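All chains are identified by letter, namely A, B, C and D, in their written order; residue positions are counted from 1 within each chain.
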Amino acid sequence: MSPYLDVTGLNKRFGGLQALSDCSFKVAQGRITCLVGPNGAGKTTIFNAITGFLTPDTGHVAFRGASLDGLSPQRVVRHGIARTFQNLRLFADLTARDNVVAGMPGHFGEEPLGAIFRPFRTSRALAGKRAAALEVLANVGLADRADALVRNLSYGEQKLLCIARILATSAELLLLDEPTSGLSGAALTEVMALLRRLQAEGKTLLVVEHNTRVVQQIADEVLFLHQGHLMAQGSPAEIIADPKLAEIYFGGAL
Amino acid sequence: MLWLNLLINGLIWGCALGMVAISFSLIFATTRFFHVAPAAVYSLGGYLAWSMMKRGAPEWVALLGAVVACGLVGAAIQKLLYERLDRRGATHLVVLIASLGLAAVMQNAIAGAYTSNVLQFGLPWANRTTSIGGALLTNTQMLTVCFGVLSYLGAMWFAHRTLLGKRIRAVASNPFLAEITRLEPRRVHIAVMAIGSAMVCIPGVLVPLDLGLQPFGGVPMLLTATIAVIAGGVGSISGAFLLALVIAVLQNLSLLVMPGEWSIGITFGIFIIFMLFRPRGLFTG
Amino acid sequence: MDFFATYLALAEIYVLLGLSTNLLVGIVGIFSVSQAAVFGVGAYITAFLLMHSSTPFPLAILVAAGLCILLNILVTLPSLRVSGDYFVVTSFGIQLLGTAVFTNWTKGTGGANGLPGVPAPIILGHEFIEPQEFLLLSSIGMGLGCLCFWLIMRAPFGGLLRAIREDELAVAALGKSVLRAKVSAAALAGAFAGSAGGLYATFLSFIDPSSFDLDASIFLLTMVVVGGARTLAGSVLGPFVLLALPQILALIDIPASFAAALRQLIYGLLLIVFMLFRPQGLLGERL
Amino acid sequence: MLLEISDLSAGYGTKTVISGVSLTLEPGQILALLGHNGAGKTTTLKAVMGLLPARSGTIRFDGNAIGGMSVAGRVGAGIRLLPEGRGIFPDLSVADNIDVVAAQNVSGASPMFRPADIYRLFPVLDERRTTRAGSMSGGQQQMLALGLAILGTPRCLLLDEPSIGLAPNLVERLFQQFHEICKSHGVGAVLVEQNVAAALKIADRVVIMNNGAIVFDGLPEDARQTNVWDYF
């Protein structure tokens, strides 16, 4: 049986900088895998390569046995993979609910002809989508903020909304780029609980994460990247105890 | 030898166009905003010179006066309009709309003050011809070539040899670093608008010597120059000037196969081809 | 009374045109200054069909709208490849090219002298000659336009367009086709502009290039900006306010040649003042 | 005390990036500011530079509160920032880079670094005076960036990830020179780095940030004893 997500031999150069160097790993279904490593280690580059935002120089990505090589971001989503961005990229002039509706897969009324000539069907479809969007928002704990403009949401609420928006795509593999950065206290606890709940609902998560506490609490598997190399892979306990990391960090030769 | 005449005409016209292109290149590369207002400054320059001459000023005084006045107008536009918009965090769209508005105000103020009919300078010396290597050139044409080449050389010297020129290029190259090394980008922007506006005034005076003054001639001129700037690579003075020559020559040679009214089509065709194959210009990496 | 009916009918036609500009510039964020050229194409095609063939009026409008849809898709397509400022240049070029065609293709358009004698619309044997009668047609046109605009903006399609304006990349990351949405929006804007052109030509029975030049594009932009970008109310209000301006100027005794310049100058001034002090216009949203 | 930040909070829009940040810097001292992406290091530097208003707290330079001072004023006072990845004017030649910055910043009777001093410190820049700065190697670009940052009379250098994209031996050389400059001229420096090993070698003091707050403030040898995971 082929692995759920299979990444093999990714290489990417930006000018003189080797951003990714022969990165291969597999992600198992239903697990939370955390990508960790210092800035510039290549974590976001891996996300970009998987989701079609950039083409690696060499290497392949396969999801549930199907190759994703050369697909546009738009097509990758249809295979059931969705991602969030470090800088959120929410639609700030839209309400929380409309952001979620925008994430839902192609539906009636998204074409002008349907919207004009079948107004009642569009209304019904829209009402359905809006109700479904409310459910998604409730799932992340934002039901009471559904009709607030994104620009008026707190940062923590915006981060939750990012997750809600990709949940709406009904993707099964979620790539979350720093879902907890900039959060503390209750907001942090809330996001961690949400990630666990998503796992329980059957989603598979690949998460770029900096916060050790979060990694220890949520990760089933940790991938450690350093300067584009995949240095270690294992359970959080194994990785944290790995003396190799201290050496890389405090002055050992690479 | 029609084609040779057209070629020469193209080169002359290209010199005038090149001055507008250099001016636009300077402004666009530094401020990163697409300004339409220089089109109106171009028209303004000609009318100012015309007015001064009608009041008895010698030709060179009128030209110089118009250049200085246009420079001041450019600085004022930057200070009073664009800088204000910038401080309010206006988007590109807002700046562009304001710029369009300003161009409309200036052009129509000119049309209101001078009528929108074509005015002639009526200078006998301007149309006297000299034969150079078999080709007959009017004094205006020779002046245009001289000023065009001088402007190009002057702009190159200014940008690469003077401190202000280097500072302008520095602001264009990395505005953030300019801010934190006290290069004062806002003041540089004012200087750039002043210099650019002064330069666009020169063809604004020279071209009407031949064709007469009209308030709305600036927009097609600016558009063509913009195309030269983009095709030549934004920020490259040589690229802008060279492409202005090329476009002008092609426009003129196209007269061999189609009537002159369609030259805008030729220009535009060149632009589309560039956008499809080299969207970042000829002289950029 | 004729005077007032003429004003209303013209304003209604311009509402249709304003919707076209608002959709592209305000909603999707494609800065087009060539909508007047598309408007012109609609007008000339309708005029041509009515003058040189026995095409019934409704069919002529439909053909004009259809061709304008194709044309607008073509002229908007570069915005997919060329970003921001470069597209503005493209759009200016298209507008100037349009003016060049209207002015120089004398056989088809009558050139600078214009095209007189465009027949009044005939529907079911009834000829709409008087402004009061035509008002009925233009009201229907405007009503349909507004209805379409409202239906689209409340549908998911409207949300998609606004999302594209804010962040194309994020839209693609959600699995949506930016290309398809932009083409659809351009098509709609073309249909609005084309049918507005048809109404305009038959209402005035005379068209010339000056109604479809760069100044006209700026006028369109002014209507949208003053009324308020991004909203239906803004697009409706703008033309009624701005078309009242020449009527007011007509009350003051100034020479006709001067009046045109003054009018255009005031439009420009309005653009500057609104951008400086009220970018959202009278009834619009923040630009 | 050269620089004294107390209880500083700052952020963008609805997002508060740093809160309650306090630290001090002595002349000639190199302070390594470490922490993960988004921990608030760059935000701290920007607040000191005046590029971002402080929401609360005070920043003192030479004992004077500088909260109301403009960016240009702070540069004039000797606070210099080397921004991450964009510390040069790429389209200008090396000499033009140095000339434009020197014209605005080298003044007074005895400036610490004149253009000639920069060419002496980095001979490779002297050899490449006419080269377009953006076409040089990463290491040379970073030397030029450092040169631009110290032109005139710097008193407090803020370096944002100067080692990014450089080969390890280059980093070592660059940091040695940087160390030398600070020590011999009594210039204080805040060094934001992800290359922890290299930073620890030259730092006098280490501050680690996590999620917008300081979690460690002490000596480099003590920093080695902390959990690796605090760094990213």
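Assume a residue touches a chain if its C-beta (ideal position, glycine included) is under 8 Å from a C-beta of that chain, and two chains touch if they have at least 3 such contacts.
Please read these numbers as outputs of a predicted model, since none were measured by experiment.
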| Chain pair with the most contact pairs? | B-C
| Rounded Å distance, chain A centre to chain B centre (Cα mean) | 49
| query | Where the CA atoms of chain B average out and where those of chain C average out, how many Å apart are those spots? | reply | 31
| request: Between chain B and chain D, tell me the centre distance in angstrom, where each centre is the average of that chain's C-alpha atoms. | output: 42
| message | Using the definition of touching given at the top, classify the network of chains in this structure as line, ring, star, complete or other. | response | ring
| Pairs of chains, among all present, that meet the touch criterion | A-C, A-D, B-C, B-D
| Residue ranges of chain C touching chain B (in the complex, touch as defined) | 25, 29, 31, 33, 78, 81-82, 84-86, 88-90, 92-94, 96-97, 100, 103-104, 214-215, 218, 221-222, 225, 257-258, 260-262, 264-265, 267-272, 275-276, 279, 287
| Residues on chain D engaged by chain A in the complex (per definition of touch) | 13-17, 36-39, 137-138, 161, 164-165, 168, 194, 196-197, 200-201, 210-212, 224, 227-232
| Parts of chain A lying in touch with chain D, wherever the complex brings them together | 16-17, 36-40, 86, 151, 153-155, 158, 178, 181-184, 210-212, 215, 240, 245-246, 248-252, 254
| said: Considering only the defined contacts, which chain D positions touch chain B in the complex? | reply: 49, 51, 71-72, 75-76, 80-81, 83, 86-92, 96-97, 99-101, 103-105, 148
| field | chain B residues within the chain C interface of the complex | value | 28, 33-34, 81, 84-85, 88, 90-98, 100-109, 111-112, 115-116, 219-220, 223, 226-227, 230, 259, 261-262, 264-265, 267-268, 271-272, 275-276, 279
